[in-house]
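Scroll down for the structure; my scribbles are underneath it.
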């Protein structure tokens, strides 16, 4: 059930039966030679929608642009400053809390978002206390990264042994190939496997990883892999969501 | 050309030929008995993508949640505070400006966004001057509301004479029916035509317009109307975009 | 009745009879060769005071500096960033609301303020909800631009046919000549009528309109015109104010 | 020379001869039984204009609303939060600095503003360094309270021996009586001299000083006193201004 | 009693007997040739702890970095922007107020903090009103500068006649020598007594006072002086604290 | 080498040989029946100072109050909102960067800080780009939690097998006992081992863990354990620091 596809009366009806909502958050940033700028938003949205279908939960609008300061040396990358993303999540959640939503389950597509999203949860807790005192609704938050979990890891190791890497990975490229087949790109890459490692700021990132990949060989991505990765991720996260909304 | 569907190298190639980008901005808010909560985002995105196709321009990620404080008495409505939306647009634009984009054409789906979006343009101009002084890139902004323009008005008067209204209009409902036919809702409404008028805050809105419509009869909406409205809007806005990016 | 000229006990007495207040907002920015930097504040204040006299309403302090980023290439221009003006209006209104004022009628002297002022109304609505919940006072806002309205338009066309223009207009210069006759300037202008059009940022403005005027011939301004424009504007806006404070 | 009464070309001419500007800042707050809500703004403006006349300096627009949180239990009082006033002064000064103003002399009418104004000077210094680095213009600030200085003190002791008090003083009431004779109020007060002392927050203020005065007998105020106080203050501050703009 | 050295149950027990807390605030900035960068934090903390011992009051964590924009041309100086310090004090105080603390007594080590700390008190009063309305707890604030008071002045004149100066003073250096004897520095200074005067921004400060001292001869500082200064300051401030927490 | 114990000339000398600085960050929050409110700040500071000694690095002032919204139901707990902590770290780092520090190594004492500290690193990277463009200094950040690392884990398992828990742990209590032996508390606890698990907001935390501990038995803490934990942590982090400042 997509919030965007409901009427307000349907939302009201949903709220009479549950307080949970799934919130997809992605990023808009370079993803190497054959990865789409929208990769992280596309993946988070696809998984979140699949989870929503599986568990019958409401899914909110996807946050398409996240915290990607470190990708800003590559054209097309967009970023919110962490302070802006903090304010955005604050407003999203407190809007929905006015209607009675109480359990917010973020499905995340981008590692760079994690710190700010977690910080936002506490910014909201603080505001909720300040605003409502002892009468504050009890808001709860969870964050699930779609690429984590045992089943996804097993598939990745099966499809791309040793070359999953940590940015512009074949898994995320495959997932977008499945969801957006019209946008599959055939791009030669050299070397086949990008150098691995860490990075500091945006200039350091570009210097170390000139085509944007870290440790990966996304040329191996296939849409049929993406389908299976999506299913595995959604199944695992659906379990987490069920626990989250039912725990006392 | 969707930014989300491009690689960073494709964005770089695009920038070598032009500096313009189309930015869709919608809202997530109640749209009456049969209108979707996502109506404004769906409409803005559909028109923006059609314009992008028509003119060969890059289209950025849709801003799905806008300024809808006045709809907050209806479940499912979400809003950014104006100050948050100001910060968000600031970050979107200045991210893209780092890569060389200079002309930002917003396609808007929600009247409530207009003031804040226009204010944001000047917040950015101020920051651009502060940051870069005499070396500041010359950024330009335009804002087009998809529902304006002669051709759209003619169709609206033809399809819904006297009952277009000003919120939860049959035109916008029709456009979403065309784009998202799986989410067409059959809902009885009474009275057939909602009361017309203005409003003040969210409680005043709900008191005056208990089912969320203002002056409209969206039961008349049909997906085939939506198709023609979309084409008419996109054609008109494509003209505006061409002028915007070519004027000196 | 000027708030500045009242004692607090007089304000308390006023509040026992009404909840409305008139808030003048101007700008401090270049107004062409013979227009004063304070034109917009002077005009807004003069009209607001006349309206206050006509309807017996309280008039708050004039906001002298508004949003004028686009005039910053001309010496003497001052601007608040939109985010600062948002905060200022927020604080003005919520201060007055603590005392019981509920209907805020802004008389505006500057087109550049409109977007931010309107955005501020919703920033306040959001804060009012956050702060007070269901017990929030019902605040209402209106914005009237002194130069709009049929009567003012008729006079402008009579006095300055075809050369009113859109910045540093003869009407606003005339109004300041009436109010501040000691500051009438005799300045030669060439061409007599400035080029008309739009503009983007401050540098673009200065390049297109090197003496600061847009489409106008303010050399035609006369203080006696200003007197009549002031009267016409105040009469029209007084009507609007009466409706605003009496509507249910 | 009032900035508001100049054309931009006159401002440009002024800047070719000097870099100083006088900035009046007042407050809008209760001033006891016979004092005007606008007292502090009226006094600051009158003194600032007189100083400007005396020294031939440019005078900027008066800031009419300052930091008066502690007066908020009395109707008509308005306040900016300190953070908003910080932002406002930041924007005023940095606007003027873009044109070449470098020495900013604030004439203050309200003790409650002092801390925030001084804090603002350093907020601006910090931003000036951040924005311009080694090329930052050298901005300088001064703050003069109109009621300080030996000559003003002598007059106060002569006119109101022992009953000047510290809020709603006869001196400030007298000054407003001189400047705005149409707004002289005849109000009985009891006791003749208000209790003296300190205060904490707004409720504490009202509890201790129920009519708003602290330690004063403003019934003794006379417009002719106000004339002499104004002259004495302006003469003293004019000297300070001259030193400020000429010191190396 | 140091908050840091208590368990939460001990804090709860303390709150059942009193509502006062001492808050040390210092700065991290150059203090001339032989003064420590931490001088102001060390002094404020030492005095605050001694006061806390004397009066049996709780002492909160020392704020080590204050507002020192004007020292930023000297290596090692750190500063919060005034707006950041405002937010920090806001959060400190409102955290403690949640537990029932109501009287906040700041012991300050740095003149540059005074304005911002005082502004913060009113930012908090405003937020306290906004958040709690008529039910707001009655928060009270005091600020004591350790170097003020008759007894400290007498010692300073006895130890350093005419050469106390106004920055990097022998008194504050002596106090740090007493508290941190391992960090006593032997540094030759020339001239023996630094030039006296005022300053504007950071560059102006460094130009006028190239070694960081203003009007002082800190070579005269001795740890035994510091011991007596600390005792004198703590005794005087302990008196102030007792009055502050007992006044009605 | 403590920044607080250096003169500015000593800081300048240090900067001629290295660009690294260690930044301790703690928290002020309940730590169960026998843990100090200052536990996290005490631990972070002790480890940071020991690392500084081991590697000869400069150590900045400890941030004593962090992000502890979830502890606010226990008296004595203090918190910065995440947005305030973001601003504080921004100001700390950019102050030091003005002097030439480029590598910032945070030693952290509190899990609740991690998200906000990491977000702050990117807020700073964004501001550094905005402020300096291509000339931006290359700032690098690292964050080490003192309680992580193999050696510390081994000791914890040796001293407190199965009862380390995740808040108010015996390890952190022991470390504070070693550093502040005067503040060792003897408090009976029941049950001996606190319940383990997660938590949501502050009320949820208090409900689940009424005495503040999670999964731990801090009654086992001994100062001699603390000594060994401190040494183990400092040794491990010293290695990390050396790599951090030498990597290219």
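For reference, chains read A, B, C, D, E and F in written order, and residue numbers begin at 1 within each chain.
Convention: contacts are C-beta pairs under 8 Å (C-beta built on N, C-alpha and C of every residue); 3 or more make two chains touch, one makes a residue touch a chain.
These figures come from a predicted structure and were not determined experimentally.
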| item | value |
| --- | --- |
| Rotation in the CA alignment of subunit C with subunit D, degrees, nearest 5 | 180 |
| Which of A-B and A-F has more C-beta contact pairs | A-B |
| Subunit E-subunit F separation of Cα centroids, rounded to whole Å | 24 |
| Euclidean distance of C-alpha centroids - subunit C vs subunit F, Å | 53 |
| Centroid spacing, where centroids are CA-atom means, of subunit D and subunit F in whole angstrom | 46 |
| Contacts with 2+ other chains: residues of subunit B | 72, 79, 81, 83, 98, 129, 131 |
| Subunit B partner contacts - residues on subunit A that touch it in the complex | 2-12, 15, 28, 30-38, 41-42, 60-62, 64-65, 72, 74-81, 83-84, 87-88, 90-92, 95-96, 98-100, 180, 182-183, 185, 187, 212 |
| Contact footprint of subunit A on subunit F as seen in their complex | 67, 69-70, 72, 79, 81-83, 86-87, 112, 114-120, 122-123, 125-129, 136, 138-141, 200-204 |
